[in-house]
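Dumping the structure here so I can ask a few things about it.
The letters A, B, C and D name the chains in turn, as written, and every chain counts its residues from 1.
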């Protein structure tokens, strides 16, 4: 069985990641795949480079897995993020959430992607015609309860 | 390219169904897989048989695709349901929703599974130790606006 | 005139019929067809308030008047997903 | 005492350094380390309000006192997903 959390420069295998989290009591698996878009902020995008502080990124996924287990005990979660150069259409992140019931699987997978964007030490370097830019979103602070509440709200809980 | 909507007794190919709905402007794909659980309503389940009024079921999926396109124009939706005998862990339904942004992909896929349960002419025949029962949920009525509002609320819109 | 009647899931199991070819009077609507059916198969009677109807593979109201050659399906409450 | 400093993403690009080995005084906390860094690489100064810190591969407050041999990472705002 593959590990539930990982960061790698290899292409992401969605089916394998989703399979990690099933089981005979499971009735629903929700998979989220983030893919590289051909435009952002009105600019055509050529390609992206993702960088991560790998050991801390994997620990951040484990932390998110723990937050999900506390809130939705029936959910099994898997998170894998890719780093390095990604072309348009490539998957950058795959999240799989398996649960007895669909409401929990939907909520946990949405919560997980919001938390990744808040606290995982991963950076997107966007290359467009004529230039490049580091995208910078949230100041990573796992203890920020207000941010966690935003993630819970987006998960529709 | 495979059709976006279908009903078949063949095992569902999640990767192929999810691939139907991507594209270079797509940044998020949410896939929902419903699987056969080993218990229901406190009873151990041995296996399920799904039956469908196939042409009307496919049309109901197309209708749901139209409702989704009206509400979330950036979303491409695919729905495939399996019929016949399914064992524990088998996938009974796969929904894939691709969109520019994750909020739409999550909402559309959740909306779709709620609508399938409301209006698709498909029936679950549950076989358990010592007996069997037809599961009966909602009276199918695509024009029931109150039901549609419930589906929208569950999609967190 | 004639219609083809199709029954699904538990309606089929209770009646023992998945398909019937019936002669019906002109002007008959789907509800009257169902009522006749429930008289012939009393086990179907409890579904009078919850059954849905499709005509020629489209959902239809029970008040829809039937035409010669129609395929009429009665559907118990659904449970897909 | 010595610490290893790691810089990521735009912080690395602006400073031109991904890893530094630094001698620091006893009792120095992560904030003081950052302030020294921003003096040496003024391009980093705008990140003073938004930078995060990790010590030995765990998130840590900037007020954490450093120990000999610590690996200290400074992280600009993140953008994974």
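Brief remarks on what is shown
Here is the rule we use: contacts are C-beta pairs under 8 Å (C-beta built on N, C-alpha and C of every residue); 3 or more make two chains touch, one makes a residue touch a chain.
Bear in mind the structure is a predicted one, so any value in this text is a computation, not a measurement.
The chain with its Cα centre farthest from the Cα centre of chain A is C. Distance between chain centres (mean CA atoms), chain A to chain C: 49 Å. Taking the mean of the C-alpha atoms as each chain's centre, chain C and chain D sit 74 Å apart. A separation of 24 Å divides the Cα centre of chain A from that of chain B. For chain A, residues that reach two or more other chains under the stated contact definition are 34, 113. Not a single residue in chain D touches at least two other chains. A list of each chain pair in contact follows: A-B, A-D, B-C. Those residues of chain B lying in contact with chain A across their complex are 14-15, 18, 22-39, 88-89, 100, 102-103, 105-106, 109-110, 113, 154, 156. Chain B contributes residues 34, 50-53, 55-57, 59, 81, 92-93, 113, 116-125, 134-143 to its touches with chain C in the complex. Residues 6, 8-10, 13, 50-52, 54, 57-59, 73, 75-81 of chain D are the ones touching chain A in the complex.
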